[in-house]
Amino acid sequence: MEILLVLGCPLLGAMLLAVVGAKRYAAEVSVAISLATLLAATALVLRIIHGGSMTALHEEFFIDPFNVFLVALTALVGFTTSVFSRPYMRIEAEHGRLTAARLRLYHSMYQLFMAAMLLALTTNNMGFLWVSMEMATLSTVLLVSLYRTRASVEAAWKYFILCGVGIALALFGTALLYAAAENVLGGEGMNALLWTHLNAVKGQLEPRVMGLAFVFLLVGYGTKVGLAPLHNWLPDAHAEGPTPVSAVLSGLLLNVALYAVIRCKILADGALHSTLPGHMLMGFGLLSTVLASFFLWRQRDIKRLFAYSSIEHMGIITFAFGMGGPIANFAALLHMTMHSLTKSAIFFAAGHATQLSGTQRMDKIRGLLAIHPSVGWGLMLGGLAILGMPPFGVFTSEYLVLITAMRDHPWATPILLVALAVAFAAIFSRLQPMVFGDTDDRPLPHSPALVPVFIHLGIVLMMGVYIPPALAEWYRLAARLIAG
Amino acid sequence: MAHLNLATQVVQMLAGALLLISFAMLAERRSRRLLILLVWQGAVLVASTLLVASTAHLPHLFYSAALTFVLKVCVLPWILFRLMRKLGIERDNEPLVNVPTLMLVGLGLVIFAFGLAQPVSALATTVLRNTLGIALAVILLSFLMILARRKAFTQVIGFLSLENGLFFAATSTTYGMPMVVELGMALDLLVAVFIFGIFFFHIREQFDSLDLDQLESLKED
Amino acid sequence: MSATAYAWQVGECLLAIALAPLFAGWVGQCRAWLQNRSAPPLWQPYRVLRKLFHKDVALATHASWLFRSAPYVVFATMVVAAAIIPSVTTDLPLARVADAIALVGVFATGRVFMSLAAMDVGTAFGSMGARREMMIGFLTEPALLMVLFSAFMAFGSTALPRVVEVVLRQPHIMLHPSLFFAAVAFVMVLLAENARLPVDNPTTHLELTMIHESMTLEYSGRHLALIEWAAWLKLFNYACIGFTLFMPWGIALHGAGPGLLALAIGALIAKLVVAGAALALLESITAKLRLFRAPEFLTMAFLLAVLGLLVHLLLEV
Amino acid sequence: MNGIASTTALTALLGLIAAWLVLGALGLARPNSIRWVARTLFPVGALIALGVAGAGAVALTAHFSAQTAVLPLGLPSLHFHVRLDALSGFFLLLLGIAGAGISVFAAGYFRAGEGTAPGMMGLQYHLFLASMALVILADDAYMFMVAWETMALSSYFLVVTQHRLPEIRRAGFLYLLMAHVGALGILLCFGVLQGGSWLMTFDAMRGATLAPAWASAAFVLALLGFGAKAGLVPLHVWLPEAHPAAPSPVSAMMSGLMLKVAVYGMLRVSWDLLHAGPWWWGLLTLGVGLGTAMYGAIFAAVQTDMKRLLAYSSIENIGLIFAGIGLALLCRSFDMRLLAALALAAALIHSFNHALFKSLLFLATGSVMHATGERSLGKLGGLIRYMPWVAGLALIGSLAIAGLPPLNGFVSEWLLLQAFLQTPQIPHAFLNMIVPLGAAIVSLTAALAGYVMVKFYGVVFLGQPRERALEQAHPAGWLERTGLSWLALGCVLVGVFPQVALDVVGRITGQLVGATVQRGPSPWWMTPLASNQASYSGLWLWAGLVLVVAATFVLVRRFYHGRVRRTPAWDCGYRWQTPRMQDSAEGFGQPIRHLFGPVFRMQRELPLPSDPQPQYRVQIEEHFWHALYLPLSRFVLRTAERVTILQGGRLATYLLYSFLTLILLLVWVL
C-alpha cells in the first residue's frame, strides 16, 4: 500500500505538473508532491521497522532495510531539493535563463525522475530495475539540457550516449542473469528475474555465466555510478544542468546506481564463491578516488569541482562495499547517507553563490561571508564536512572505512590517505577565497532557501557525534543483509 | 528432431546474416544506407524470433516478435527517415578512417565474443544455444561502430543496432525476457528515440550541424 | 650548619667584595709593568669608587626605572655569585642554593640586565654595545657550561663545594686529560666574559671597538660605581671558579678550624696574585681581535670545552 | 573518599566543558555586542577554566586512582570513552591556569569590527578550549580524533578572523592543511596501535602486544602526526605563519596551549599506549627535538615581526620539550627509570612554564598592537614609558623565557641539563658519548634564547620610540593587566617553589615510568638527585638577590646621596642623532646572520656608498620551503596535469574507455 503511494505520488505529480507546470504556483505544487512522497516513504519505513522485510504485488516489489533506507533518503533529499529549487528556479527565470515552458518541463521531469529512482529502489524484478534506470537516465537527460546552451546540450548528449550504451550493456548482463537463473528456477520462469528468488538460489547459479553477467552489469550500472574510467559524463552533466538537478544527480542518482550494482554483487558473491566481485569493486573504488582527487586540482568551475568530489566519494563507498563485511558495509551505507546529504547541501549553497556572482568560475566568486553570511557559512561548513573534517558525519564513515582497510587490506590505506590529503588541499584552497575576503556583488532578489542546507548539515553534524541507536540498528541490519 | 535441426540451421543462417549486417554497418558511409541496413537487421531479428517461437511453441515469443516488428521495422525506421528528411542529411556521408583496420578489430572482437560465449551456450537450453556468441559479437561490433562514428545520427543508429543485438541475445539464450519487462524495454527504446530526435534539433540549432567534432568544448585543460 | 658557618658565609662574601677592586688594581699594575709604563697604585680602584660615589648622577632624560635599577641588580647578582663560590671554605650554607649551572644562570641574569639597561637610553652606542655583549654572551655561556660539565663528570657533582672536597680527597683525579682542555677553554671564556683582550679592551676610548664600555657610556655617579664594582667582582668570581675547578688546594674543608681558614685566605690571596700576573701577561702578549673574529675565538673555546667533554667520555667512563 | 573525589572530578570536568560550549552558544544570542560577548561571557569562561584547573589538580593528588566513564555519544560500536588520570590531570591543570589568564585578557582585548563577529568568535574560542580539554580526556581513538580535529577547525577559524587579508587566508590554509595531514598520520598510528583487537579504545591498545616492527611504525607515525601539530622541524612551516596571523589571545592559546596538547598526545602514545621500545626511538626524538630547538632559536633571532619572533621561539621551546621526552625514552629503553623520570619531569615542567610565559608574551604583544597599531619591530620602541604595566609584566615573561634564574624557565632547563649530566651512565658504548653532547646544544639554545629575548624586549619596550605616533600609545585596560599579572604570577611562583612542581610532576612520572625523582627535604629545595650532587633553591636565590639589592640601595643612600641630574643622553659628539639610529631588529640580528649564514636563505639589498637615501633590506626565508614543500606541490600539480588528459572532451574516446574497461574485465573473469 505504502509502496503504491511512494511510487504514485511522484508519478501522478509528473503528469499533473506536465499540465500545470507553467503556472506560478507550480513550484509549490512540486513541493507539496515531494512532501507527500516523503510522508509515504516515512510510513513505509515505519512499516518495515515493525514488520521487517516484505514483498508486495505478487513479489514484484521487495522492501528490506537496505533499500528502504535509501527510499527514505531519496524522498528526504527530493523534498528538500524541491524546497530549494522554488526560489532558485524563480531567480533563474528572472535572470531570463528559463522560460515558463522550460519550467514546466523541469517540474514534471523532476517528479518523473523521482518516480524512476523510487521504482528502481523498490522493485524486486531485475528487469524493471533496468527499465527504471533507463527511465531515470532519459528524464535527467532532458533536465541537464534544460538551458539549451551549447555547453548544456553537449553535456546532455555525452551523458545520454555514455549512459545509454552503459545501460544497454547492463541489459545484456540482465539477460545473462536470466539465462543463468532460468535453468535453476525452471523454464517458464516469470520469477526468474525476481531478486528474492535469485538470492534464494544464488548458490547454484552457474559461476561462469554469473561472472560474465556481473561484469556487464558492473560496467553498465557503474557508468551511472561514475566510477573511473567510466565517469567522463559526470562532471559535464553536473556542471551544465541546473543546480537542483546537480544536487539530486550526485545526491541520489549515483546512490541508486550503486544500489543496483550492490544488488548484483550480492548475487555474484553467492554464485562465484570467490572474492572476485569484491576485488573489482575495490579496484574501481581506489581508481576513482585517486583519479578524482587529482582531477580536483585543475578545476575552475565550482560545480565541476564538487562533481569530481562526488566521484571521489563514490569511489570510497564502492571500495568499502568491495571490502565487504559488516563494518565496511555499515561504513559504506553511512557514507552514502552522509555524502548525499552533504553534497546536496553544498550544491544548494554553491547554486546561490553562483547566482550572487553571476558565474560558476571560482576565481570570480569572492567574499560570500561579507555579502551573504548564511550562504558563505553553508558553503564553508559543507565543504569542510565533505572533506571529512570532524565533527561532521562524513569523517565517521571515512574513519570506519580506513580502520577496516587497515585491518583487511593495509596496502590500500596509504593510497586512500594520500588521495584524501590531495583532495583536501585541492578543494579547501578553492573554498577559502570564495567564502572569505571582500566582494562588490549585490544581494539576491529573493531570499534564498537555505533551510535545507542547514537541515542537511545539522543531520550530518549529529551523525558525527551521535548516531541514534535505532538508526544504527537499522544500518547494521542492512549491512548484515548485504554481507549475505 | 529432424525439423528441429532444420530450424536450427535456418536460425543459425539468420544469425550469420545478422553478423554480416553489422559488419556491413561498420563499413557503411552513407547514413541512408546505414538506416536501411538497420531495418534489415530488425527484419532478420523478427524472422529468427518467429522461427524460434514456432519451433519451440512459445506464444509469448510471438508477441515479442510482433512487438519487435512494429517497433524496429516500422515505427523507429519511420521516425528516423522523417528525421533524416527534416535534417536534410539523407545523402551526406561521413569519412571513415581506414576501414580495413576497423574490420580487423571487428574480427578480433568476434573471436573474443565466441570464446566468451562458450560456457554460456554450453548450458543454454534453447535451439539457438550457439548463437549467443553471435549476439555478443553483434553487441561488441555495434559498440565499436558507435565509437568509430563522428556524426550524431550514425551514432544513434549504432546504438539501435546494439539494442538489436541485445534483443537477439535475450531470445537466443532464454527465449526472451518476461513479457512485462520486454514491454518496458520497448517503451524505453521508443522514448529514447524520441529524445534522440529532439536532440538532433537542439544540436543542429546550437552547432548548425550534426558533426560531433564540435561537441568537444567541455574538457579539462 | 653551625652559626660559624653562616658567619663565614657572610665573611667570605664581604672578603670578595673587598678584594675584587684590589685584584683588578693588581692586574692593572702588572700590565703597566709589562708594558713598562709607570703603574697606578694598587688601591686606585678604591679611589675611583669613592670619586664616583660622591658625584651626582647625570641621568638621560628618557631613562626608565629599568635603567636606574639595573646597576643594583647587576651588583647583587655578582655578590650572590661570590657567596656561592667556595673561594675560602667549602662549608657554605648558601652554596647549595645554586649549583654551578645556576651560577652560570646568575651571571647570565647580570649580563641580560646590563644589556637591557644599555638599550634603555636608546643611543646608537648603547644598543650596539648591548648587541655585542649578548653575542659574546651566547657564545661564552655554553662554553662555560661545557667546561663545568667536563669537570662535573669527572667529579660527579654540580655542587662546587662537593667538587672541591672530591679533589682534595683524591688529588690524582686532577690528572684527567679532559681537565686540560677544560682549563684552556675556561681561560678563553674568562678573557671574553670580563671584557679583556683579545676580545675587548677595557682601557680603550674608541667607541667603535668597545663592548662593555659602550654599554656603560650613559652611566655616571653611583650607578657607574656599582657597575664598575660589579665588573671587578665578576673578574674575581671567575678567578675563584678557576681555582675551585683547577687548583682547589688550600681551600678549607668542612669543619676546619680558624687556623686552617686563615691559611685558606692566605692561599687565596697567593693564587690571586699569581693569576693576576698571568692574566696581565696574557693580555700584553695578545693583540685585540677584529670584532668579527671574536666569534671565531669563542667558538674555538666552545669546541675546546666540548672536546674536553668528549675526551672525558672517551677515556674515563 | 578519593573514589568519590575522582568521580566528582570527572563529572565536574564534563560539566565544565559543557558549560564552555553553552557559553559559546550564548554568544550567538547577541553576536555583535562586545559588552555581552567579551565583557560578560569571557570572564565566566575564565572562571570555568579555573574550575577545570581545579579538577585537574584533584587528579594530581596522592593515591588518586584513574577514573573512566563512557558517554552515550560516538559510534554505536564505540561510544566516547573518557579517562582522567595524572597525565591528563596535569595537562588540564595547565590548560585551566593558562586559559583563565588568557580569557580574562581576551575579555578586555576584543574590540568590535575586527573581522568575524564577536559572537561567532566567542563560539569558536570556547569551542577551541572545550575541544582541547576533550582531547586530553579522550580514551578511545574515535573521540580523540573528533576532538583533535575540532580543535584544529575551531582554531583555524580563529586564525582567519581577519580573513579580508589574503596573507592571513594563506596562513590559515597552510595551517589547516598541515593539521589535517598530521591528523591522518595520527589516525594511521592508532590503527597500527590496536594490534588485532579492533576495539580502538585506549585500554585495548594498552593491552595489545605489537610486533616490534609495528610498534616502531606506530611510534614514527605518532612522532610525525603530533610533531606536525607541535611544530617539529621540518613540519613547523605553518607555525610562524599561523601564530602571527591570529588575534593575540588566540596566538597565545595556540602557542601556549594547543602545542602542549600535541605534547600530551605524544606522551600518551609513546608512554602510555606503547610499551618500552628500542633505543633509537629515544635517539630519534632527541635528535629531532634538539635540531628543532636550535633551528627555532636561530630563526627567532633574525625575525623583524614580534609575533613571528615569538612563534619561532615557540618552536625552540617545543624542541626542548621533545628533547626531554626523547631523553626519557632513551633511558626507558635501557631501563634507567630514575633518569627517565628526571628527563620526563623536565619536559613536563617546561611544558607548563612555556604555557605560562609564552601566553604572557603573546598577550603583551596584543596590548602593544592595540596601543600602537604596530607589530613590526622596526617601528616600535620606548614603550616602557607609555605602558609601564605591560612592560613590567612582559619583562618577567622575557626573563623567564630566557631561562634566567630565579624564574621558572630556568628550573626546567636546569633539570634538563642535570638529566644530560647523568647520561654517561647509559650502558651503550656509543650513545654514552653522543648523548651528553646534547647538553652543549641545550645550553647553546638557552643562551640564544637570552639573546632573542633581549632583542625582543629591548627593541619593543626600551630605547626611544622609533615613530612619533608611539607617544600616543595608551596603557592597557584593567582586564588585560589582570590577565597578564595572573600569568606573570605563575612564572614567579614556579620559579620560587620548583620542588612543588617537581613533586606534582612526580605523580605523572610515577604513573608512566614507575619511578619518581627524589623528593626535596623541604618545598624550597630542589634536589632531584642525591642532595650533595645537585641542588637549587629558587626561594633562597630570590631572598639573596633582594637582600643584596636592598642593602646596597640603603647603604649607598645612607653613606652618600641620591642626587640625580636629568640631562639629555650623550650624543658622542654627533649632534644629529635620531631614534632611528638605534639598533633596528635587523641590526640586532646581524651577528646571528653572520654566524649562521648557511642556515638561512637570504636576499640582501645593500645601499651604494654614494646613495643619499640609503635603503637596506634583508629578507630571510627557510630552506625547507624550496627544498621540500614547493617540489612536493609541483609534483602534485604535474600529476594533476597528466591526469586531466583523461577528460579530453571527445565522446569517442570516452566510449573507448568504457569499451576497454569492459574487455579488460571480461578477460579477467575468463
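When the chains are written out, they are named A, B, C and D in that same order, and each has its own residue count from 1.
Methods note: contacts are C-beta pairs under 8 Å (C-beta built on N, C-alpha and C of every residue); 3 or more make two chains touch, one makes a residue touch a chain.
All figures in this text were calculated on a predicted structure; none of them were measured in a lab.
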Comparison of C-D and A-B (more C-beta pairs in contact): C-D
Distance from chain C to chain A - Cα centre to Cα centre, in angstrom: 79
Mean-CA-position distance for chain B and chain A (Å): 31
Distance between chain centroids, defined by C-alpha means - chain C, chain D (Å): 36
Computed distance of Cα centres, chain D from chain A, in Å: 44
Chain D: positions in contact with at least two other chains: 644, 646-647, 651, 655, 666
Residues of chain B engaged with two or more neighbouring chains: 116, 143, 146, 215, 217-218, 220-221
Sequence positions of chain A contacting 2 or more other chains: 157-158, 161, 165, 169, 208, 212, 235, 295, 298
Pairs of chains, among all present, that meet the touch criterion: A-B, A-D, B-D, C-D
Residue numbers on chain A that touch chain B, as the complex places them: 125, 127-128, 130-131, 134-135, 138, 141-142, 145, 148-151, 153-158, 160-161, 164-165, 168-169, 171-172, 174-176, 178-180, 182-183, 187, 189-190, 192-193, 206, 208-209, 212, 235-236, 239-240, 295, 298-299
For the chain D and chain C complex, residues of the former touching the latter: 381-382, 384-385, 388, 395, 399, 402-405, 410, 414, 417-418, 421, 424, 432-433, 436-437, 439-440, 443-444, 446-448, 450-451, 453-455, 457-459, 462-464, 525, 531-537, 540-541, 544-545, 548-549, 552-553, 556, 559-561, 563-572, 577, 579, 581-583, 587-588, 590-592, 594-595
Contact footprint of chain B on chain D as seen in their complex: 644, 646-652, 655-656, 659, 663, 666, 670
Chain D contact footprint on chain A (complex, rising order): 157-158, 161-162, 165-166, 169, 208, 211-212, 214-216, 218-219, 223, 228-230, 232-233, 235, 276, 280, 291, 294-298, 327, 369, 384, 387, 389-391, 395-396, 399-400, 402-403, 406-407, 413, 417, 420-422, 424-425, 428-429, 432-433, 436-438, 464-467, 469, 472-473, 476
Partner chain D, residues of chain B touching it in the complex: 112, 115-116, 143-144, 146-150, 212, 215-221
